[in-house]
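Shared between the two complexes below is subunit A, which has subunit B as its partner in the first and subunit C in the second.
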Partner chain A sequence: MPRPRLPPPALFLSLAAFLVLVFYMVPLILTLWASLTPVRNWDIAQLRQFVGAENYRRLFHLIRFDPDVSTVVKTTIVFVAGTLTVNVLGGLLLALAAFIIEERASLGFRLLWFLPRMTPVAVFGLLWYYFFYPQGTLNAILLKLHLISHPVNWGQDVLPWGPWSIIIFVNGLVGVSYGMIIFYSAFKAIPKDIYRAALVDGARLRDLVFRIMLPLTRWHLIFVTVWQLLSLLTTYAHLFVLVEWGVVEKWHGMTWALYVFETAFGSAVNDQALASAAATLLVVVGIGLGLLTLRLMGFERELGAIRGEL
Partner chain B sequence: MQGEGLLAGLLGSLKPRRRRRQPTEELPLASRAVSYTVIAALLAASLPIILSYTLLVELSFSASFIATPFEKTSFTLENWRLFFQGRLAPTAAQIYTPSYIRRMILDTLIVALGVMGVVVASATPAAYAFSRMNFRGRGALMRFLILLHAFPGVALIIGVYAIYVYTYRRLALGLHAGEAALLAYAFLYVIVARASLEIPMSTWLMKGFFDRIPWEVEWAALVDGASRLRVFTRIMLPLVKPGLAALSIFSFMAGWEELIYVVVFLPSKAPTLASYIHSQLSGGAIETAYLPVVAAAAVVYLIPTILFFVFTQSLLVEAAEGAGVKA
Partner chain C sequence: MVEVELRGVWKRFGDFVAVKNVNLRFPDGKFSSILGPSGSGKTTLLYLIAGIYKPSRGEILFDGEDVSRLPPNKRNVGLVFQNYALYPHMTVFENIAFPLTIKGLPRGEIEERVHSVARMLHIDELLDRYPHQLSGGQQQRVALARALVKEPAVLLLDEPLSNLDALVRLEIRGELKRLQRRLGITTIYVTHDQSEALAMADLIAVIHRGEIQQVGSPEDVYRRPRNLFVAGFIGMPPANLVKAAVTRTPTPCVVIAGGGEYCPGEPLASKLEALGLEAVVAAFRPEDVVLGEHPMEDYVSMEAEVYVVETLGRENLVTLRLPDGQAVKAITSPLLNPRPGDKMYVNVEPSKILLYDPDTELNIEAIEAAPAARPVSLAGSPERRRAAQEED
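Up next is the complex of A and B:
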């Protein structure tokens, strides 16, 4: 039966390759290109005009002189550093705790902490809307405990740490399960005999943690840190609802990624050229960190090979 | 964890180990007292999660607005009645109808099922090729997929929307497409665009499942003269059913929970549960929103997530146990 002869790998890869081409590569090139054009209000005919580095000049000017944009930069730094700490250390603590306690309780807790990640963004945003808004749970509890005398709008009025704490808290709850899952599997992957030998030698829990579990999983720690750093720089869905719903003050709840989105899609701004320039900066950082992750994963493979000889 | 990411990590770590656990494997790492202290600490740390989800469900059944799960309120089904009657914002001028609610749930389902279909159809064969075939650039392409996954999505969405604007205008002005056709196009576009974002990680995930099937199974069929395509559809696909199930569930959930793409691409006359909740709370809408009804909508929206937790535990075990062949 005569059929068009496509080499099998190309045949199997074709659909995925087509989608990646149309929805990753072409949009990426378009975005990079748009940063060199004056495109605004989605008037894509303007993509034909070339303005050179004009948008980048505007962007750096804004960073230096516009207090709102410099707040965005500060928020990004605080948000990434704070949430990264929560995600890595929190994930480590959760994994340790889940590893120590008995399996049934452990599974329950791991599922519970996985829940925020599987919850739709709109629902998760709603949960914390009820929690943080002036008539919400937090104020009700604090009022009852007589810690405050009247409701406080934490996300809007307590600047800058009110909104900063809220965005770190909400994204931390979503992100912490990533570290938890990876560290937990890493602890499980350490051969049982090593624990057993240490216990026979009279090791205490502290020794197990600091002498065995943490040293043997240090590459996982580095991997999770870099990967989470990357994710936090680029994430914006939860921040979007927190800002749009007024849970947090606009500029103190907006990281660089959300700034890109709001600049491109916000009805008040609609400046795709500027947004593309801001996005390009993010892409450069993203590719750098992505390459670093790949290097680290190479390290991990080597570590895996050595582990076989133990 | 060699780049298979969270999904594979979840499969590995969530499965209860009872099948493989032997009596000698019970290691008392900590004393009873320490163990109970840790459980208590975990419980305390989990309190915000437990409280907030409890409040949401309670609020959807309560007659008045409550701020904490402990407040006294009377049980009512009124919010649910309002929700299913489409009276989403009782004080707002806008009148909804029951068909609006059905439409909303249906739209969410269309996006979720669409994303699932596109992801499974594209990532499965690609994963098979990466797992089983040697071709030039294979390693580089696999690394490239990881880079793509790490890519700032917000940088892509500008370009993705520009293409949408261009094609949409061509359809509307050039081809004079009708309103229904344009709406169908919007759905198609949001589904395919959103699904594409899942391809890199899904391919890695499925490759892991293909990797576990012994090459001999396939080789036997190839020796007997079957083509690669035939081997793939008749032999490999049935063997990776647990993987397909896991991939389907994860990609369904990705489509189901999507907010940004839905808000950006779909017109407001085609709301999903996400865009409905968003519309109730964004801007000044909160003035007229009735929060207990929004809570009912959110509980409906949470149902697949809850089903995921109830049912996939056993499925995840199966998936993690690997495919049919135990060589």
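Up next is the complex of A and C:
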């Protein structure tokens, strides 16, 4: 008897489906499950008990009444909004600069901005540790210029904007190259004759950017914004290093994703149930914000109207 | 309206020389054509005039004023691209209005001018559409409208008809010519299609490998090709180019295979003599051939064998082989329908035969009129020709 065989499409999809299932769906379901149990200190047996929405009640109570947790919420909002702006607008500006300058110089320019992304997190974190810590480069420069009279611990003492600026700066530097690469290739993909036609029609650089390049790369703008939004909500590697090494004050350097990590794995708390609830909340907020952004930027409109070949 | 002049213009891209020492004058208000095969540098030449490229050397003048260093937006030129280059995210109205919007003209004036140019080109029904909703011919009109709406001093057209269906092409060809006459804009039209150039242009500049080969009226270029390239490029099919020997008895005669003998009169005979050539290339047009079963009196007659007959409807195109194997094409009445293998006579009136120096590839008749060493300057006025000669 011949063995039953999968039809080819299923065969091709099976590997990806397997990976998504094992590394995304199963953890998601486990997280959701754990958020409904009292599991703490890795006591797996507690996973069999069921406490309903108790962890969510605790979470919202903490957000309302624990000043540290509400600081985390504020930090998350400021961090995501600030870094997203830096990443999208900065990416656009860098892409424009790379597009305008001469081709060979452009390659070096783009590589330079890609360095932060290619540098290991710990190395990059160490670099900015040396820059921002009280006896570091920043203070040395400011003292030389007589802008300050004694070293300032920017990340610890200048609350809240000291640590907020530092985390936005460091993550912005890492993330900005992403937008740059996407926008740069989008600008390159606009046919040369369109630029030439615009030049002959009398366009200056400003007209080229605002009337030709940006409208024609709207799609890329939507994509980069949503993509960066979602990754910023969940990123915590650089933040972890900055907080751990004391470059920034703990609660003003901690976003929701890092809070989830600290609650689940941090030596002090080890409250996996609460962390699961917080993680679930993050997923829900992420989906909501993503959809909202797509709606605001007219994603469906773009899908509906396919405008010729570009 | 302006007169456009190029003086000693060169354009290099790295090691590649795209345009070599071009001297040209496009008369004010005339329809001129730059004609050449693909890769000949004709579009580069157009972009140089538009200001998209800057010349490596030489000057470009609009009405005597040097514009070589001016960016495109300061030259007041209208340019229609081969692929139209319409802005895909703008409606037809916004596309046409673009040059005016950028100038910051008042809304009312923009509307008026866009509507008036759209009416003139019969696209006023399409103003709300997007480019992808238009046919090729309609897109082409929009591109033309966008170029004309700013009332340019020079209208530049880069192969504007090559992406259109044959019928639409004929229709727009006629319209374009009428429009140019009416508006009187100095127009420069780049094409690889000689029938377009011959049909529309007041003046044709033939370009090949970045060098101007000949400048003249369509009649000039067709009837008196200055060199072998032009003779072999213009015409559908182009002129027959047949290698021939020169005998001296003692006056020079040209002997073509198959018994053709052509003893030119003065002044050609003495030029031939002065050049001391042993061989020449004889050129004659397929439509100047009279095919017959016998040699004809007062004609240069060559015996040839019919190789293939192509039926084109209005006429037949017959390819024959001379005894030495060289091919000759003849256009004949569709009633004459020889069979491959038939022996026939290729008869050509002596006055229709042009002779070329096989080394310099120049028309022997033209050699003295325009010394071989110098590139052609534009025919234009006699003053200009004299001035150009004095520069040498």
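Heads up, the rule we're going with is that the second predicted complex is superposed on the first by the 266 of 310 C-alpha atoms of A that agree within 3 Å, B and C clash if a C-alpha of one lies under 4 Å from a C-alpha of the other, contacts with A are read in each partner's own complex, and residues count from 1 in each chain.
Note that in this section contacts are C-beta pairs under 8 Å (C-beta built on N, C-alpha and C of every residue); 3 or more make two chains touch, one makes a residue touch a chain.
Every value quoted in this text rests on a predicted model; they were computed, and no experiment measured them.
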item: Broader residue contact with subunit A after superposition on the shared chain, subunit B or subunit C; value: B
item: Which superposed partner A:V22 touches (first subunit B, second subunit C, both, neither); value: first
item: Touched partner set for A:D193, first subunit B, second subunit C, both or neither; value: second
item: Touched partner set for A:E54, first subunit B, second subunit C, both or neither; value: neither
item: Touching partner for A:G286 - first (subunit B), second (subunit C), both, neither; value: first
item: Subunit B versus subunit C as contact partner of A:P215, first or second or both or neither; value: second
item: Overlap of the subunit B and subunit C footprints on subunit A, listed as residue numbers; value: 196, 199
item: Complex interface listing, subunit A residues touching subunit B; value: 7-9, 11-13, 15-17, 19-20, 22-24, 26-31, 34, 42, 44, 47, 94, 97-103, 105, 107, 109-116, 118-123, 125-131, 135-137, 139-141, 173, 178, 181-182, 184-186, 188, 192, 195-196, 199, 205, 208, 220, 223, 227, 230, 233-234, 236-237, 240-241, 244-246, 257-258, 260-261, 264-265, 272, 275-276, 279-280, 282-283, 286-287, 289-291, 293-294, 297, 300-301, 304
item: Interface residues, subunit A side, partner subunit C - complex; value: 191, 193-194, 196-204, 207, 211-212, 215-216, 306-310
item: Residue ranges of subunit C touching subunit A (in the complex, touch as defined); value: 47, 50-52, 71-73, 77-79, 81-83, 85-89, 98-99, 102-103, 130-132, 146, 150
item: Of subunit B, residues touching subunit A in the complex; value: 1-3, 6, 9-10, 12-14, 16-18, 25, 27, 29-30, 34-35, 38-39, 41-42, 45-46, 48-53, 55-56, 59, 65, 67-68, 71, 118, 121-123, 125-126, 128-129, 133, 135, 138, 143, 146-148, 150-163, 165-166, 192-193, 195-197, 199-200, 203, 228-229, 232, 253, 256-260, 264, 273-274, 277-278, 281-283, 286, 291, 294-295, 298, 301-302, 305, 308-309, 313
